[in-house]
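To start, I am sharing the structure in question, which I have written as C-alpha coordinates.
Chain nomenclature is as follows: A, B, C and D, assigned in order of appearance, with residue numbering initiated at 1 for each chain independently.
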Amino acid sequence: MFSQTCQVRFSHCDPAGIVFFPQYFVMLNGVVEDWFTHALGIDYAQLIGQRLVGLPTVSLQCDFAAPSFMGDSITYQLQVERIGKRSITLNVECIGTDGPRLKLRQVLVTTSLSKHQSMDIPGDVLDALNRWQNETGATS
Amino acid sequence: MFSQTCQVRFSHCDPAGIVFFPQYFVMLNGVVEDWFTHALGIDYAQLIGQRLVGLPTVSLQCDFAAPSFMGDSITYQLQVERIGKRSITLNVECIGTDGPRLKLRQVLVTTSLSKHQSMDIPGDVLDALNRWQNETGATS
Amino acid sequence: MFSQTCQVRFSHCDPAGIVFFPQYFVMLNGVVEDWFTHALGIDYAQLIGQRLVGLPTVSLQCDFAAPSFMGDSITYQLQVERIGKRSITLNVECIGTDGPRLKLRQVLVTTSLSKHQSMDIPGDVLDALNRWQNETGATS
Amino acid sequence: MFSQTCQVRFSHCDPAGIVFFPQYFVMLNGVVEDWFTHALGIDYAQLIGQRLVGLPTVSLQCDFAAPSFMGDSITYQLQVERIGKRSITLNVECIGTDGPRLKLRQVLVTTSLSKHQSMDIPGDVLDALNRWQNETGATS
(Lines give C-alpha, C1' and ligand atoms only; values in the text may rest on other atoms or scores of the structure.)
Protein backbone atom coordinates (compact mmCIF):
# COMPACT_ATOMS: atom_id res chain seq x y z
CA MET A 1 0.00 0.00 0.00
CA PHE A 2 1.22 3.48 -0.84
CA SER A 3 -0.02 6.12 1.55
CA GLN A 4 0.12 9.89 1.25
CA THR A 5 -1.46 12.69 3.26
CA CYS A 6 -2.77 15.82 1.56
CA GLN A 7 -3.78 19.11 3.06
CA VAL A 8 -7.22 20.35 2.01
CA ARG A 9 -6.54 23.81 0.66
CA PHE A 10 -8.72 26.87 0.23
CA SER A 11 -8.34 26.29 -3.52
CA HIS A 12 -9.85 22.79 -3.26
CA CYS A 13 -13.04 24.06 -1.61
CA ASP A 14 -16.29 25.31 -3.04
CA PRO A 15 -18.82 27.88 -1.84
CA ALA A 16 -20.13 25.19 0.52
CA GLY A 17 -16.70 25.19 2.21
CA ILE A 18 -16.02 21.56 1.28
CA VAL A 19 -13.80 19.92 -1.31
CA PHE A 20 -15.26 20.30 -4.82
CA PHE A 21 -15.28 16.67 -5.99
CA PRO A 22 -13.06 17.05 -9.10
CA GLN A 23 -10.34 18.37 -6.80
CA TYR A 24 -10.13 14.94 -5.14
CA PHE A 25 -9.05 13.60 -8.53
CA VAL A 26 -6.49 16.38 -8.97
CA MET A 27 -5.02 15.37 -5.59
CA LEU A 28 -5.24 11.70 -6.59
CA ASN A 29 -3.12 12.42 -9.64
CA GLY A 30 -0.43 13.90 -7.40
CA VAL A 31 -0.53 10.74 -5.28
CA VAL A 32 -0.13 8.54 -8.38
CA GLU A 33 2.80 10.73 -9.51
CA ASP A 34 4.58 10.30 -6.19
CA TRP A 35 3.81 6.58 -6.11
CA PHE A 36 5.47 6.21 -9.51
CA THR A 37 8.46 8.39 -8.72
CA HIS A 38 9.14 7.42 -5.11
CA ALA A 39 7.67 3.93 -4.62
CA LEU A 40 8.09 2.40 -8.09
CA GLY A 41 11.27 4.30 -8.90
CA ILE A 42 9.89 5.39 -12.29
CA ASP A 43 10.18 9.16 -12.70
CA TYR A 44 6.61 10.20 -13.59
CA ALA A 45 7.53 13.57 -15.13
CA GLN A 46 10.16 11.88 -17.28
CA LEU A 47 7.79 9.07 -18.27
CA ILE A 48 5.24 11.58 -19.61
CA GLY A 49 7.52 14.42 -20.70
CA GLN A 50 10.59 12.68 -22.14
CA ARG A 51 9.53 9.10 -22.79
CA LEU A 52 6.11 10.27 -24.06
CA VAL A 53 4.24 7.49 -22.31
CA GLY A 54 0.79 8.70 -21.27
CA LEU A 55 -1.31 7.31 -18.42
CA PRO A 56 -4.86 8.45 -19.14
CA THR A 57 -7.77 7.23 -17.06
CA VAL A 58 -10.21 5.00 -18.94
CA SER A 59 -12.50 4.11 -16.10
CA LEU A 60 -13.32 5.60 -12.73
CA GLN A 61 -15.77 4.56 -10.04
CA CYS A 62 -15.95 6.61 -6.91
CA ASP A 63 -18.16 6.64 -3.83
CA PHE A 64 -18.02 9.60 -1.51
CA ALA A 65 -18.72 8.89 2.16
CA ALA A 66 -18.34 12.27 3.86
CA PRO A 67 -17.28 15.80 2.94
CA SER A 68 -13.78 17.19 3.60
CA PHE A 69 -13.41 20.70 4.91
CA MET A 70 -10.75 23.32 4.35
CA GLY A 71 -7.80 22.63 6.66
CA ASP A 72 -8.48 18.89 6.92
CA SER A 73 -5.68 16.38 6.49
CA ILE A 74 -6.76 13.51 4.29
CA THR A 75 -4.78 10.38 3.52
CA TYR A 76 -4.86 8.55 0.20
CA GLN A 77 -4.11 4.82 0.43
CA LEU A 78 -3.34 3.27 -2.92
CA GLN A 79 -3.30 -0.41 -3.84
CA VAL A 80 -2.93 -2.16 -7.16
CA GLU A 81 -5.84 -4.44 -7.96
CA ARG A 82 -4.66 -5.66 -11.31
CA ILE A 83 -1.74 -5.28 -13.70
CA GLY A 84 -2.82 -5.86 -17.29
CA LYS A 85 -0.82 -5.86 -20.50
CA ARG A 86 -1.76 -2.24 -21.18
CA SER A 87 -3.58 -1.18 -18.02
CA ILE A 88 -3.20 -0.74 -14.29
CA THR A 89 -6.22 -0.94 -11.99
CA LEU A 90 -5.92 0.95 -8.72
CA ASN A 91 -8.01 0.81 -5.57
CA VAL A 92 -7.73 3.95 -3.54
CA GLU A 93 -9.25 4.93 -0.25
CA CYS A 94 -9.13 8.45 1.07
CA ILE A 95 -9.47 8.75 4.82
CA GLY A 96 -9.89 11.75 7.14
CA THR A 97 -8.97 11.83 10.80
CA ASP A 98 -12.59 10.98 11.65
CA GLY A 99 -13.32 8.30 9.07
CA PRO A 100 -13.51 7.49 5.37
CA ARG A 101 -14.04 10.19 2.77
CA LEU A 102 -14.07 8.28 -0.48
CA LYS A 103 -13.25 4.97 -2.11
CA LEU A 104 -12.39 4.68 -5.78
CA ARG A 105 -11.30 2.33 -8.50
CA GLN A 106 -9.34 3.79 -11.38
CA VAL A 107 -8.12 2.09 -14.52
CA LEU A 108 -5.13 3.71 -16.19
CA VAL A 109 -3.88 2.69 -19.62
CA THR A 110 -0.45 3.22 -21.08
CA THR A 111 -0.50 5.19 -24.33
CA SER A 112 2.01 6.49 -26.79
CA LEU A 113 1.77 10.28 -26.66
CA SER A 114 3.30 10.58 -30.12
CA LYS A 115 0.62 8.34 -31.68
CA HIS A 116 -2.20 8.75 -29.11
CA GLN A 117 -2.75 5.00 -29.14
CA SER A 118 -2.61 2.49 -26.35
CA MET A 119 0.68 0.61 -25.97
CA ASP A 120 2.05 -2.17 -23.78
CA ILE A 121 3.25 -1.15 -20.34
CA PRO A 122 7.00 -0.49 -20.82
CA GLY A 123 9.20 -3.28 -19.45
CA ASP A 124 10.83 -1.30 -16.65
CA VAL A 125 7.43 -0.03 -15.48
CA LEU A 126 6.00 -3.56 -15.51
CA ASP A 127 8.98 -4.87 -13.56
CA ALA A 128 8.65 -2.07 -11.03
CA LEU A 129 4.93 -2.73 -10.64
CA ASN A 130 5.47 -6.46 -10.08
CA ARG A 131 8.33 -5.88 -7.68
CA TRP A 132 6.25 -3.40 -5.68
CA GLN A 133 3.30 -5.79 -5.60
CA ASN A 134 5.49 -8.56 -4.25
CA GLU A 135 7.13 -6.35 -1.65
CA THR A 136 3.85 -4.97 -0.37
CA GLY A 137 2.42 -8.48 -0.22
CA ALA A 138 -0.49 -7.79 -2.54
CA THR A 139 -1.74 -10.22 -5.16
CA SER A 140 -2.33 -9.14 -8.72
CA MET B 1 -32.46 15.44 -22.55
CA PHE B 2 -30.50 18.58 -21.76
CA SER B 3 -27.68 19.21 -24.18
CA GLN B 4 -24.81 21.68 -23.93
CA THR B 5 -21.67 22.17 -25.96
CA CYS B 6 -18.38 23.13 -24.30
CA GLN B 7 -15.18 24.38 -25.82
CA VAL B 8 -12.07 22.48 -24.78
CA ARG B 9 -9.79 25.20 -23.46
CA PHE B 10 -6.03 25.42 -23.05
CA SER B 11 -6.70 25.39 -19.30
CA HIS B 12 -8.49 22.02 -19.50
CA CYS B 13 -5.52 20.31 -21.15
CA ASP B 14 -2.51 18.57 -19.72
CA PRO B 15 1.09 18.18 -20.95
CA ALA B 16 -0.21 15.45 -23.28
CA GLY B 17 -2.38 18.11 -24.98
CA ILE B 18 -5.61 16.38 -24.00
CA VAL B 19 -8.27 17.11 -21.40
CA PHE B 20 -7.05 16.25 -17.89
CA PHE B 21 -9.85 13.99 -16.69
CA PRO B 22 -10.94 15.99 -13.59
CA GLN B 23 -11.61 18.92 -15.93
CA TYR B 24 -14.43 16.91 -17.54
CA PHE B 25 -16.15 16.96 -14.14
CA VAL B 26 -15.56 20.69 -13.75
CA MET B 27 -17.29 21.18 -17.12
CA LEU B 28 -20.01 18.72 -16.07
CA ASN B 29 -20.77 20.87 -13.05
CA GLY B 30 -21.30 23.86 -15.32
CA VAL B 31 -23.71 21.79 -17.41
CA VAL B 32 -25.66 20.77 -14.29
CA GLU B 33 -25.77 24.44 -13.20
CA ASP B 34 -27.24 25.52 -16.53
CA TRP B 35 -29.66 22.59 -16.55
CA PHE B 36 -30.98 23.70 -13.16
CA THR B 37 -31.15 27.40 -13.99
CA HIS B 38 -32.34 27.27 -17.59
CA ALA B 39 -34.17 23.93 -18.03
CA LEU B 40 -35.58 23.35 -14.55
CA GLY B 41 -36.09 27.03 -13.78
CA ILE B 42 -34.35 26.67 -10.40
CA ASP B 43 -31.59 29.26 -10.02
CA TYR B 44 -28.55 27.14 -9.12
CA ALA B 45 -26.49 29.98 -7.63
CA GLN B 46 -29.44 31.01 -5.47
CA LEU B 47 -30.12 27.40 -4.43
CA ILE B 48 -26.58 27.01 -3.12
CA GLY B 49 -25.77 30.58 -2.09
CA GLN B 50 -29.02 31.90 -0.62
CA ARG B 51 -31.16 28.85 0.09
CA LEU B 52 -28.12 26.91 1.37
CA VAL B 53 -29.11 23.69 -0.36
CA GLY B 54 -26.02 21.75 -1.40
CA LEU B 55 -25.81 19.21 -4.23
CA PRO B 56 -22.71 17.17 -3.50
CA THR B 57 -21.85 14.09 -5.53
CA VAL B 58 -22.05 10.82 -3.62
CA SER B 59 -21.35 8.43 -6.44
CA LEU B 60 -19.69 8.69 -9.82
CA GLN B 61 -18.99 6.09 -12.49
CA CYS B 62 -17.29 7.19 -15.64
CA ASP B 63 -15.91 5.44 -18.71
CA PHE B 64 -13.69 7.38 -21.06
CA ALA B 65 -13.82 6.35 -24.71
CA ALA B 66 -11.45 8.73 -26.46
CA PRO B 67 -9.33 11.78 -25.60
CA SER B 68 -10.45 15.37 -26.28
CA PHE B 69 -7.95 17.83 -27.64
CA MET B 70 -7.55 21.57 -27.11
CA GLY B 71 -9.94 23.40 -29.44
CA ASP B 72 -12.45 20.54 -29.64
CA SER B 73 -16.16 21.15 -29.21
CA ILE B 74 -17.71 18.54 -26.96
CA THR B 75 -21.39 18.15 -26.17
CA TYR B 76 -22.74 16.98 -22.83
CA GLN B 77 -26.12 15.23 -23.02
CA LEU B 78 -27.80 14.91 -19.66
CA GLN B 79 -30.69 12.66 -18.70
CA VAL B 80 -32.27 11.90 -15.36
CA GLU B 81 -32.21 8.21 -14.51
CA ARG B 82 -33.90 8.40 -11.15
CA ILE B 83 -35.39 10.95 -8.78
CA GLY B 84 -35.17 9.78 -5.19
CA LYS B 85 -36.39 11.39 -1.99
CA ARG B 86 -32.97 12.91 -1.34
CA SER B 87 -31.05 12.13 -4.50
CA ILE B 88 -30.95 12.66 -8.24
CA THR B 89 -29.25 10.14 -10.53
CA LEU B 90 -27.96 11.51 -13.82
CA ASN B 91 -26.80 9.76 -16.95
CA VAL B 92 -24.51 11.90 -19.02
CA GLU B 93 -22.82 11.30 -22.32
CA CYS B 94 -20.16 13.57 -23.68
CA ILE B 95 -19.73 13.44 -27.44
CA GLY B 96 -17.17 14.96 -29.76
CA THR B 97 -17.68 15.70 -33.44
CA ASP B 98 -16.09 12.33 -34.25
CA GLY B 99 -17.71 10.10 -31.65
CA PRO B 100 -18.21 9.49 -27.93
CA ARG B 101 -15.74 10.79 -25.37
CA LEU B 102 -17.21 9.62 -22.10
CA LYS B 103 -20.27 8.22 -20.43
CA LEU B 104 -21.04 8.76 -16.77
CA ARG B 105 -23.52 8.17 -14.03
CA GLN B 106 -23.59 10.64 -11.19
CA VAL B 107 -25.67 10.57 -8.02
CA LEU B 108 -26.25 13.93 -6.39
CA VAL B 109 -27.82 14.32 -2.96
CA THR B 110 -29.52 17.35 -1.52
CA THR B 111 -27.94 18.57 1.71
CA SER B 112 -28.48 21.39 4.14
CA LEU B 113 -25.38 23.57 3.96
CA SER B 114 -26.06 24.98 7.41
CA LYS B 115 -26.14 21.50 9.01
CA HIS B 116 -24.05 19.53 6.45
CA GLN B 117 -26.65 16.76 6.53
CA SER B 118 -28.74 15.27 3.76
CA MET B 119 -32.26 16.67 3.41
CA ASP B 120 -35.28 15.98 1.23
CA ILE B 121 -35.26 17.52 -2.22
CA PRO B 122 -37.08 20.85 -1.78
CA GLY B 123 -40.67 20.83 -3.12
CA ASP B 124 -40.12 23.29 -5.96
CA VAL B 125 -37.02 21.42 -7.11
CA LEU B 126 -38.88 18.10 -7.03
CA ASP B 127 -41.79 19.59 -9.00
CA ALA B 128 -39.41 21.05 -11.55
CA LEU B 129 -37.59 17.73 -11.92
CA ASN B 130 -40.85 15.80 -12.41
CA ARG B 131 -42.20 18.38 -14.86
CA TRP B 132 -38.97 18.28 -16.87
CA GLN B 133 -38.99 14.47 -16.88
CA ASN B 134 -42.54 14.44 -18.22
CA GLU B 135 -41.84 17.08 -20.87
CA THR B 136 -38.73 15.36 -22.12
CA GLY B 137 -40.54 12.04 -22.20
CA ALA B 138 -38.14 10.25 -19.91
CA THR B 139 -39.20 7.77 -17.28
CA SER B 140 -37.97 7.97 -13.71
CA MET C 1 -12.05 46.14 -28.36
CA PHE C 2 -12.89 42.45 -28.00
CA SER C 3 -15.65 41.78 -25.52
CA GLN C 4 -16.76 38.49 -24.01
CA THR C 5 -19.14 37.62 -21.21
CA CYS C 6 -18.39 34.76 -18.82
CA GLN C 7 -20.64 33.07 -16.32
CA VAL C 8 -19.24 32.82 -12.82
CA ARG C 9 -19.45 29.13 -12.04
CA PHE C 10 -19.57 27.19 -8.80
CA SER C 11 -16.11 25.89 -9.73
CA HIS C 12 -14.68 29.44 -9.88
CA CYS C 13 -15.76 30.25 -6.33
CA ASP C 14 -14.07 29.77 -3.00
CA PRO C 15 -15.40 29.08 0.51
CA ALA C 16 -16.19 32.80 0.72
CA GLY C 17 -18.61 32.31 -2.21
CA ILE C 18 -16.66 34.65 -4.47
CA VAL C 19 -14.34 34.07 -7.42
CA PHE C 20 -10.95 32.75 -6.27
CA PHE C 21 -8.60 35.24 -7.94
CA PRO C 22 -6.54 32.78 -10.06
CA GLN C 23 -9.81 31.72 -11.70
CA TYR C 24 -10.11 35.20 -13.24
CA PHE C 25 -6.89 34.43 -15.11
CA VAL C 26 -8.17 31.03 -16.21
CA MET C 27 -11.23 32.81 -17.66
CA LEU C 28 -8.96 35.47 -19.16
CA ASN C 29 -7.07 32.79 -21.03
CA GLY C 30 -10.32 31.60 -22.58
CA VAL C 31 -11.06 35.16 -23.68
CA VAL C 32 -7.61 35.47 -25.28
CA GLU C 33 -8.17 32.12 -27.04
CA ASP C 34 -11.46 33.30 -28.52
CA TRP C 35 -9.99 36.66 -29.45
CA PHE C 36 -7.26 34.89 -31.41
CA THR C 37 -9.55 32.37 -33.06
CA HIS C 38 -12.62 34.50 -33.77
CA ALA C 39 -11.40 38.13 -33.93
CA LEU C 40 -7.87 37.72 -35.29
CA GLY C 41 -8.67 34.65 -37.39
CA ILE C 42 -5.67 32.76 -35.98
CA ASP C 43 -6.72 29.37 -34.63
CA TYR C 44 -5.35 29.40 -31.07
CA ALA C 45 -5.42 25.62 -30.57
CA GLN C 46 -3.59 25.12 -33.86
CA LEU C 47 -1.06 27.85 -33.06
CA ILE C 48 -0.09 26.12 -29.81
CA GLY C 49 -0.76 22.48 -30.71
CA GLN C 50 0.35 22.17 -34.34
CA ARG C 51 2.51 25.22 -35.03
CA LEU C 52 4.14 24.93 -31.57
CA VAL C 53 4.06 28.65 -30.93
CA GLY C 54 3.61 29.35 -27.23
CA LEU C 55 2.13 32.49 -25.70
CA PRO C 56 3.30 32.51 -22.08
CA THR C 57 2.68 35.48 -19.82
CA VAL C 58 5.82 37.37 -18.78
CA SER C 59 4.20 40.18 -16.85
CA LEU C 60 0.87 40.70 -15.17
CA GLN C 61 -0.51 43.62 -13.17
CA CYS C 62 -3.98 43.38 -11.83
CA ASP C 63 -6.16 45.50 -9.56
CA PHE C 64 -9.34 44.01 -8.19
CA ALA C 65 -12.18 46.47 -7.53
CA ALA C 66 -15.01 44.27 -6.24
CA PRO C 67 -15.76 40.59 -5.72
CA SER C 68 -17.76 38.48 -8.19
CA PHE C 69 -20.29 36.02 -6.85
CA MET C 70 -21.45 32.64 -8.14
CA GLY C 71 -24.06 33.18 -10.86
CA ASP C 72 -22.76 36.62 -11.88
CA SER C 73 -22.23 37.50 -15.52
CA ILE C 74 -18.94 39.29 -16.01
CA THR C 75 -17.66 40.82 -19.22
CA TYR C 76 -14.02 40.91 -20.25
CA GLN C 77 -13.09 43.82 -22.54
CA LEU C 78 -9.74 43.35 -24.21
CA GLN C 79 -7.61 45.98 -25.95
CA VAL C 80 -4.11 45.82 -27.35
CA GLU C 81 -1.79 48.39 -25.81
CA ARG C 82 1.34 47.51 -27.71
CA ILE C 83 2.53 45.09 -30.36
CA GLY C 84 6.26 44.42 -30.00
CA LYS C 85 8.57 42.29 -32.07
CA ARG C 86 8.14 39.33 -29.72
CA SER C 87 5.42 40.49 -27.36
CA ILE C 88 1.82 41.62 -27.13
CA THR C 89 0.66 43.88 -24.32
CA LEU C 90 -3.03 43.65 -23.45
CA ASN C 91 -5.23 45.90 -21.36
CA VAL C 92 -8.24 44.09 -20.03
CA GLU C 93 -11.15 45.27 -17.95
CA CYS C 94 -13.62 42.91 -16.40
CA ILE C 95 -16.98 44.43 -15.61
CA GLY C 96 -20.00 43.11 -13.73
CA THR C 97 -23.56 44.32 -14.17
CA ASP C 98 -23.04 46.69 -11.24
CA GLY C 99 -19.60 48.05 -12.00
CA PRO C 100 -15.93 47.16 -12.52
CA ARG C 101 -14.45 43.98 -11.09
CA LEU C 102 -10.84 44.15 -12.20
CA LYS C 103 -8.41 45.86 -14.52
CA LEU C 104 -5.26 44.19 -15.77
CA ARG C 105 -2.27 44.54 -18.02
CA GLN C 106 -0.77 41.36 -19.38
CA VAL C 107 2.35 40.96 -21.51
CA LEU C 108 2.45 37.82 -23.63
CA VAL C 109 5.55 36.70 -25.52
CA THR C 110 5.74 34.40 -28.48
CA THR C 111 7.94 31.38 -27.88
CA SER C 112 9.02 28.32 -29.79
CA LEU C 113 7.61 25.34 -27.93
CA SER C 114 10.18 23.04 -29.48
CA LYS C 115 13.11 25.17 -28.21
CA HIS C 116 11.42 26.95 -25.25
CA GLN C 117 12.94 30.22 -26.42
CA SER C 118 11.29 33.49 -27.39
CA MET C 119 10.75 34.01 -31.11
CA ASP C 120 9.41 36.78 -33.35
CA ILE C 121 5.66 37.00 -33.65
CA PRO C 122 4.85 34.91 -36.77
CA GLY C 123 4.05 37.03 -39.87
CA ASP C 124 0.39 36.03 -40.16
CA VAL C 125 -0.21 36.70 -36.46
CA LEU C 126 1.46 40.12 -36.72
CA ASP C 127 -0.61 40.98 -39.80
CA ALA C 128 -3.80 39.90 -38.04
CA LEU C 129 -2.92 41.95 -34.95
CA ASN C 130 -2.20 45.08 -37.02
CA ARG C 131 -5.35 44.62 -39.11
CA TRP C 132 -7.46 44.21 -35.98
CA GLN C 133 -5.87 47.28 -34.37
CA ASN C 134 -6.68 49.34 -37.46
CA GLU C 135 -10.24 48.07 -37.70
CA THR C 136 -11.01 48.65 -34.05
CA GLY C 137 -9.51 52.14 -34.30
CA ALA C 138 -6.91 51.60 -31.59
CA THR C 139 -3.36 52.92 -31.79
CA SER C 140 -0.42 50.72 -31.06
CA MET D 1 11.23 35.17 5.33
CA PHE D 2 8.89 32.22 5.03
CA SER D 3 10.07 29.62 2.57
CA GLN D 4 8.19 26.67 1.11
CA THR D 5 8.98 24.23 -1.67
CA CYS D 6 6.28 23.01 -4.03
CA GLN D 7 6.35 20.17 -6.49
CA VAL D 8 5.27 21.07 -10.03
CA ARG D 9 2.50 18.58 -10.75
CA PHE D 10 1.05 17.24 -13.97
CA SER D 11 -2.12 19.16 -13.04
CA HIS D 12 -0.24 22.48 -12.95
CA CYS D 13 1.04 22.10 -16.48
CA ASP D 14 -0.41 23.09 -19.82
CA PRO D 15 -0.14 21.59 -23.31
CA ALA D 16 3.26 23.29 -23.57
CA GLY D 17 4.43 21.13 -20.63
CA ILE D 18 5.03 24.14 -18.39
CA VAL D 19 3.15 25.61 -15.45
CA PHE D 20 -0.01 27.41 -16.60
CA PHE D 21 0.48 30.82 -14.96
CA PRO D 22 -2.73 30.92 -12.84
CA GLN D 23 -1.50 27.73 -11.16
CA TYR D 24 1.42 29.68 -9.67
CA PHE D 25 -1.17 31.73 -7.80
CA VAL D 26 -3.03 28.62 -6.65
CA MET D 27 0.28 27.35 -5.21
CA LEU D 28 0.97 30.83 -3.74
CA ASN D 29 -2.33 30.64 -1.87
CA GLY D 30 -1.22 27.37 -0.29
CA VAL D 31 2.03 29.03 0.78
CA VAL D 32 0.13 31.94 2.37
CA GLU D 33 -2.13 29.42 4.16
CA ASP D 34 0.85 27.62 5.65
CA TRP D 35 2.57 30.88 6.53
CA PHE D 36 -0.51 31.92 8.51
CA THR D 37 -1.05 28.57 10.19
CA HIS D 38 2.54 27.52 10.88
CA ALA D 39 4.61 30.73 11.01
CA LEU D 40 2.10 33.25 12.34
CA GLY D 41 0.22 30.72 14.47
CA ILE D 42 -3.15 31.89 13.08
CA ASP D 43 -5.14 28.93 11.78
CA TYR D 44 -6.00 29.98 8.21
CA ALA D 45 -8.91 27.56 7.74
CA GLN D 46 -10.42 28.71 11.03
CA LEU D 47 -9.87 32.39 10.18
CA ILE D 48 -11.85 32.02 6.94
CA GLY D 49 -14.27 29.25 7.88
CA GLN D 50 -15.18 29.95 11.51
CA ARG D 51 -14.15 33.56 12.15
CA LEU D 52 -15.42 34.61 8.69
CA VAL D 53 -12.45 36.86 8.01
CA GLY D 54 -11.65 36.92 4.31
CA LEU D 55 -8.27 37.69 2.76
CA PRO D 56 -9.02 38.58 -0.86
CA THR D 57 -6.32 39.92 -3.15
CA VAL D 58 -6.81 43.54 -4.22
CA SER D 59 -3.62 44.01 -6.18
CA LEU D 60 -1.13 41.73 -7.85
CA GLN D 61 2.00 42.45 -9.86
CA CYS D 62 3.97 39.55 -11.19
CA ASP D 63 6.97 39.16 -13.47
CA PHE D 64 7.78 35.72 -14.82
CA ALA D 65 11.46 35.04 -15.49
CA ALA D 66 11.53 31.44 -16.73
CA PRO D 67 9.11 28.56 -17.21
CA SER D 68 8.72 25.69 -14.71
CA PHE D 69 8.39 22.16 -16.00
CA MET D 70 6.48 19.18 -14.67
CA GLY D 71 8.55 17.51 -11.95
CA ASP D 72 10.42 20.67 -10.97
CA SER D 73 10.80 21.69 -7.35
CA ILE D 74 10.14 25.38 -6.89
CA THR D 75 10.56 27.37 -3.69
CA TYR D 76 8.35 30.28 -2.69
CA GLN D 77 10.05 32.85 -0.45
CA LEU D 78 7.61 35.20 1.22
CA GLN D 79 8.34 38.51 2.90
CA VAL D 80 6.04 41.16 4.29
CA GLU D 81 6.59 44.58 2.73
CA ARG D 82 3.97 46.48 4.62
CA ILE D 83 1.34 45.93 7.29
CA GLY D 84 -1.52 48.41 6.89
CA LYS D 85 -4.63 48.91 9.00
CA ARG D 86 -6.68 46.70 6.67
CA SER D 87 -4.08 45.29 4.30
CA ILE D 88 -0.94 43.17 4.11
CA THR D 89 1.53 43.64 1.26
CA LEU D 90 3.64 40.61 0.42
CA ASN D 91 6.77 40.27 -1.69
CA VAL D 92 7.23 36.77 -2.97
CA GLU D 93 9.95 35.21 -5.07
CA CYS D 94 9.64 31.79 -6.57
CA ILE D 95 12.93 30.10 -7.36
CA GLY D 96 13.78 26.91 -9.21
CA THR D 97 16.94 24.88 -8.77
CA ASP D 98 18.45 26.74 -11.74
CA GLY D 99 17.36 30.28 -11.00
CA PRO D 100 14.38 32.59 -10.50
CA ARG D 101 10.95 31.75 -11.88
CA LEU D 102 8.84 34.69 -10.79
CA LYS D 103 8.69 37.67 -8.51
CA LEU D 104 5.42 39.11 -7.25
CA ARG D 105 3.85 41.69 -5.02
CA GLN D 106 0.44 40.91 -3.62
CA VAL D 107 -1.82 43.10 -1.51
CA LEU D 108 -4.33 41.25 0.63
CA VAL D 109 -7.13 43.00 2.52
CA THR D 110 -9.04 41.73 5.51
CA THR D 111 -12.78 41.57 4.92
CA SER D 112 -15.82 40.51 6.86
CA LEU D 113 -17.28 37.52 5.02
CA SER D 114 -20.68 38.11 6.58
CA LYS D 115 -20.85 41.72 5.27
CA HIS D 116 -18.42 41.47 2.31
CA GLN D 117 -16.80 44.71 3.42
CA SER D 118 -13.22 45.48 4.38
CA MET D 119 -12.45 45.43 8.08
CA ASP D 120 -9.45 46.15 10.31
CA ILE D 121 -6.92 43.35 10.63
CA PRO D 122 -8.04 41.43 13.77
CA GLY D 123 -5.86 42.16 16.82
CA ASP D 124 -4.36 38.70 17.18
CA VAL D 125 -3.48 38.61 13.47
CA LEU D 126 -1.86 42.06 13.69
CA ASP D 127 0.14 41.01 16.75
CA ALA D 128 1.26 37.83 15.04
CA LEU D 129 2.31 39.77 11.92
CA ASN D 130 4.31 42.29 13.95
CA ARG D 131 5.92 39.58 16.05
CA TRP D 132 6.90 37.62 12.95
CA GLN D 133 8.29 40.77 11.30
CA ASN D 134 10.44 41.46 14.35
CA GLU D 135 11.65 37.88 14.64
CA THR D 136 12.57 37.62 10.98
CA GLY D 137 14.33 41.00 11.16
CA ALA D 138 12.25 42.63 8.45
CA THR D 139 11.07 46.22 8.57
CA SER D 140 7.49 47.15 7.86
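Note that a residue touches a chain if its C-beta (ideal position, glycine included) is under 8 Å from a C-beta of that chain, and two chains touch if they have at least 3 such contacts.
Model, not experiment: these values are computed from the prediction.
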Farthest-lying chain, centroid of Cα atoms versus that of chain D: B
Residue-number overlap at the chain C/chain D interface, same or different (half cut): same
Reference interface A-D: repeating pair among A-B, B-C or C-D with over half of contacts shared: B-C
Whole-Å gap between the CA centroids of chain B and chain C: 28
Intercentroid distance (Cα basis), chain D paired with chain C, Å: 24
Intercentroid distance (Cα basis), chain D paired with chain B, Å: 33
Junction residues of chain A, two or more chains touched: 10-11, 15-17, 20, 22, 26, 29, 48-49, 70
Chain contact topology (line, ring, star, complete or other): complete
Chain D-facing residues of chain A, complex: 7-11, 17, 26, 29-30, 33, 37, 43-46, 48-49, 69-71
Sites on chain A touched by chain B in the complex: 15-16, 18, 20-23, 25-26, 29, 48-49, 54, 56-64, 67, 113, 116
In the complex, chain B residues that touch chain D: 10-11, 13-17, 20, 22, 70
